[in-house]
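Take a look at the structure set out below.
Think of it as A, B and C in the order they're written, each chain with its own count starting at 1.
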Amino acid sequence: MYTPHTDADREAMLEAIGVDSIDDLFHCLPDRDLPDLALPEGMTEMEALDELQFIASVNESTQELTSFLGAGAYNHYIPAAVDSLLRRGEFYTAYTPYQPEISQGTLQSIFEYQSLIAALTGMDISNASHYDGATAVAEAVNMALNRYRGRRTKCILSPRLHPQARETVHTYMMGSDLQILGEDLDPEGDPEDLISLIDEETALVIVQYPDFFGQIHDYTALGEAAHEAGAMFGVHINPIALGLLKPPSEFGADIVTGEGQPLGIPLSFGGPYLGIFATKKEYVRKMAGRLAGETVDDRGQRGYVLTLSTREQHIRRERATSNICTNQGLMMLASTIFLSLLGKEGLRELALLNYHKAHYAAEQINTIPGYLASPGKSFFNEFVVHCPRPAAEVNQMLLEYDILGGYDLSESYPGMENGLLMAVTEMNPRYEIDYLIDILAEESDA
Amino acid sequence: MKAPADLKYTKNDEWIRVKDNIGVIGITDYAQDQLSDVVFVEIVAFEGDELDQGETCAVVESVKAAADVYLPVSGKILDINETLVDSPELINEDPYGEAWMIKIELTDPSELDDLMDVEAYKNMEREDH
Amino acid sequence: MPEPTIFELSKPNRRGIRYPKPDVPEADLPRDFLRDDLPLPEVSEHEVIRHFTNISQYNHGVDIGFYPLGSCTMKYNPKINEDVARLPGFTSIHPLQPPETVQGALGLMYELQEWLAEVSGFEAVSLQPAAGAHGELTGVLIIRAYHRNRGDEKRTKMLIPDSAHGTNPATSAMSGMEVVELPSDERGNVDLEALKTECDDTLAGIMITNPNTLGLFDENIVEVCQLVHDVGGLVYGDGANMNALLGKCKPALTGIDVMHFNLHKTFSTPHGGGGPGSGPVGVVSELAELLPGPVVVRTEEGDEETPPFYDFHYPEHTIGRVKAFHGHFGMFVRALTYLITLGKDGLRDVAENAVLNANYLRALIKDTYHVPYDRLCMHEFVAEGEWEDAPDIQALDISKRMMDFGFHPPTNYFPLIVHEALMIEPTETETKETLDAVAEAMLQIAEEAHEDPEKLKTAPHKTPFGRLDEVKAAKDLILTTSLPEDYGEA
């Protein structure tokens, strides 16, 4: 289909190789008589498009439904310029910039991404990204363990760190003797509850900001407690929130991880997304992942190269900081373009829009008897609603009105059956919020 | 390659100069040449540590490779060369002099017998090159 | 003249996008949590477009020219895949939507699992891993869990041939395994005698790449797997080089127990300047319940009136998830589009032409560039970039000079077992004319290496940038830039 040879080409090539047939090239395969694959014949481009359009149409997208679903993946507007640039073949058909002389486009964009993430998080440095927020958290744990060279074997995870990030840490750490603490604390407790778990064997304490329930906390005391015990302090962020909120560096974060999807990356049923990873300069050699650094070429021009690759698997093999070999290339580029377009005012405006809409929605929900939205807590664009009946039922009911209500918290927190996690973004006009309120109120009366 | 006659060598290309039971340790001219431009040195042993022969005491990095440096003998760390952190290029410029890495008090001088003299080191068979 | 950074283009009060005014009353702000300063650049939309378009011109890509990066399979990325992946029915669905609202997406994932299983011979597939190295980690953790679930905790030894990708040992170490390296024999196969001495009851398994990184199909693969199985070990297959085997050989039938696919290599999803990849893992039936969840299952077959129903399933003894959500769905859409476009004959055609192209280019240059292990190769081959009578020239110099002819260089210095390696993978989508031109350029470069070595040492000459100073980058460690200190004053 995409192979170009004519019969004459093929004949000439076989002759140059010195074999009689294509089959001769495969003489060393063990099973020369492999039956045909039990797969259909190929389709033309027109037919394939038709088929895939049909499959896509079966899905009910957030363009058709009214969505208040967040829980780690958010429905945000993506400026047209982002995808227009991502579709340049110069970017998306290149690979890892091993040859810097012909990869300066990718390298400069990595360098700019690192700079933008450092500015956003308040940290010294950022790597060129990980697979997603959850794997970035796992790499943070990995880095902390490496830093202490096995002398500290405990890690404390806040119960309000994204449940799938916590699960990923468990999987990554299966082969180590790491002890993971903190997850079974009361999910509705205070961040300071974690302090009593910190001791001389603690390598890392990780919290989320805003946390999985959307709440904003002052982590200063917790960060200090971690540092007093000689442990590292990690903060997992939502990058849009940092358009408005203090950066985690102000809480003394040593490592900042985050899910970068809100920065111009489509929901796309969960991926590909972007794992943000930033830290202090002193830990640069303990950090995994690609890094671009500034230098000059032999003509005296400023340029960039991948640097500190001695940390990486292709040189250090079993002693590498991680087995990771790529970054999230194109997703990283999307977020670089997105942050460039928004700039300081745009990101603040976007964060405010999310903040105000979410607060309006929560306030309105609180007028409905039996419903209580995030009582007495500071939050950003997401909040917990305590429903008068199981969240699963509320979601089911809302879906009949083409509304995706939110995330049923009992899926991750047994005992929170009536807890519904709702997100509101700039994509929810007021009439959608009012429609939600009308339905909830009507059903509540019924 | 340069290799002074008054030192003892390991097959991993470390050298040690011993006087009055005190050893000074570094990496050889051959090692620095293989690494090419050294850009970073981290000494992972701390003053006062008591370490065994063969334990990792430093990491040396160039843009092409990273090499661990192992202790040629067991002992107590007396001093480490902090200047290498800011001037890693000393490893390339003066591997047997200014680029010493660690001073150590030997706990078992008989371990020196495990090491090579200069002739043995120069004639050592290498897998590559 | 290099392009300024986006920070250098910044000027106060410029904007690339505006948002609507709030249509709700403004709430009180959390005073204690507000940030003072957000030092991001300020540029117009036009400047953003021009900036990134300008820097894109400094890149080489598959759309621009030949890109024979060995083991990376830089084949053509069909444009229909990009169009399809951007349909709103795929981009605008949330990963936590109820299954009944995303039957198209679940059905697509199910189909892809089935296609990958059929192509490879494996029983079950999880699409979750995000990249090849991530698939490896998943696979090795599955091997570890398999032994431990049987109470066999002493199995911690992982054998890795010396020709393996660096990710293999790094993955094993991350998974708590002890790595033992195996030599290759004179034909580039795993050395069977060395393997036999390591086969004991502490063996967890072997990680094997087949075709290996020399581009050679391991002639003893069946025996290698048998030896490992005989002592209770499992075989991990690194599927990086699957392109050579499509429709020709099913890895599971050679004895491999678990393998990752690289959708961004074999199945044409774009490399994206370094990612996103996608590294689904296939396993034999004994390992199916260890896969990371969720996988997609068909719970109702459906008939002429009702469509089938698909749902998520968490395997009973799952090692757990290796990332958030379900994997790189956007890549699944592209890969399935590619698969159905090719169909069974198209897939075999890929393997045949990939192998034909590699052997053809090898035949054209092998009298000038020494090819160790000189036998028919699969989808790639490794040549030596050095000559005794051109002592100053290294593989790197040849690579840099190739850029002057508009070609991306091959993979350098890998595999480690070949001196000054040039690892060349043309892929099936290149024409004979391109391969002829590449061979001609490489022969000319060989001549220059002997007669005018300086031309190679100072290459590239015709690219927008010359050789970059990597030592300076590693010493100075300038990893970020920012707005100037006096920004916005003046």
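Methods note: a contact is a pair of C-beta atoms (placed from the backbone, for glycine too) under 8 Å apart; a residue touches a chain by one contact, two chains touch by 3 or more.
Values in this document were obtained by computation on a predicted structure and should not be read as measured data.
Of all chains shown, C has the CA centroid lying nearest to the centroid of every protein CA atom. The highest number of C-beta contact pairs joins the chains A-C.
Centre to centre, using the average C-alpha position, subunit B and subunit C are separated by 38 Å.
Between subunit A and subunit C, the centres computed from C-alpha atoms are 20 Å apart.
Averaged C-alpha coordinates put the centre of subunit A at 44 Å from the centre of subunit B. For subunit B, the set of residues that touch two or more other chains comprises 40, 61-63. Within subunit A, contacts with two or more other chains are made by residues 307, 315-316, 319. Within subunit C, the positions touching two or more other chains are listed as 470, 473-474.
Remark: subunit B residues 40, 42, 44, 61-66, 68 touch subunit A in the complex. Put simply, subunit B touches subunit C in their complex at residues 37, 39-40, 61-63, 88.
Subunit C contributes residues 470-471, 473-475 to its touches with subunit B in the complex. Per the touch definition, subunit A reaches subunit B in the complex via residues 149, 285, 307, 309-311, 315-316, 319.
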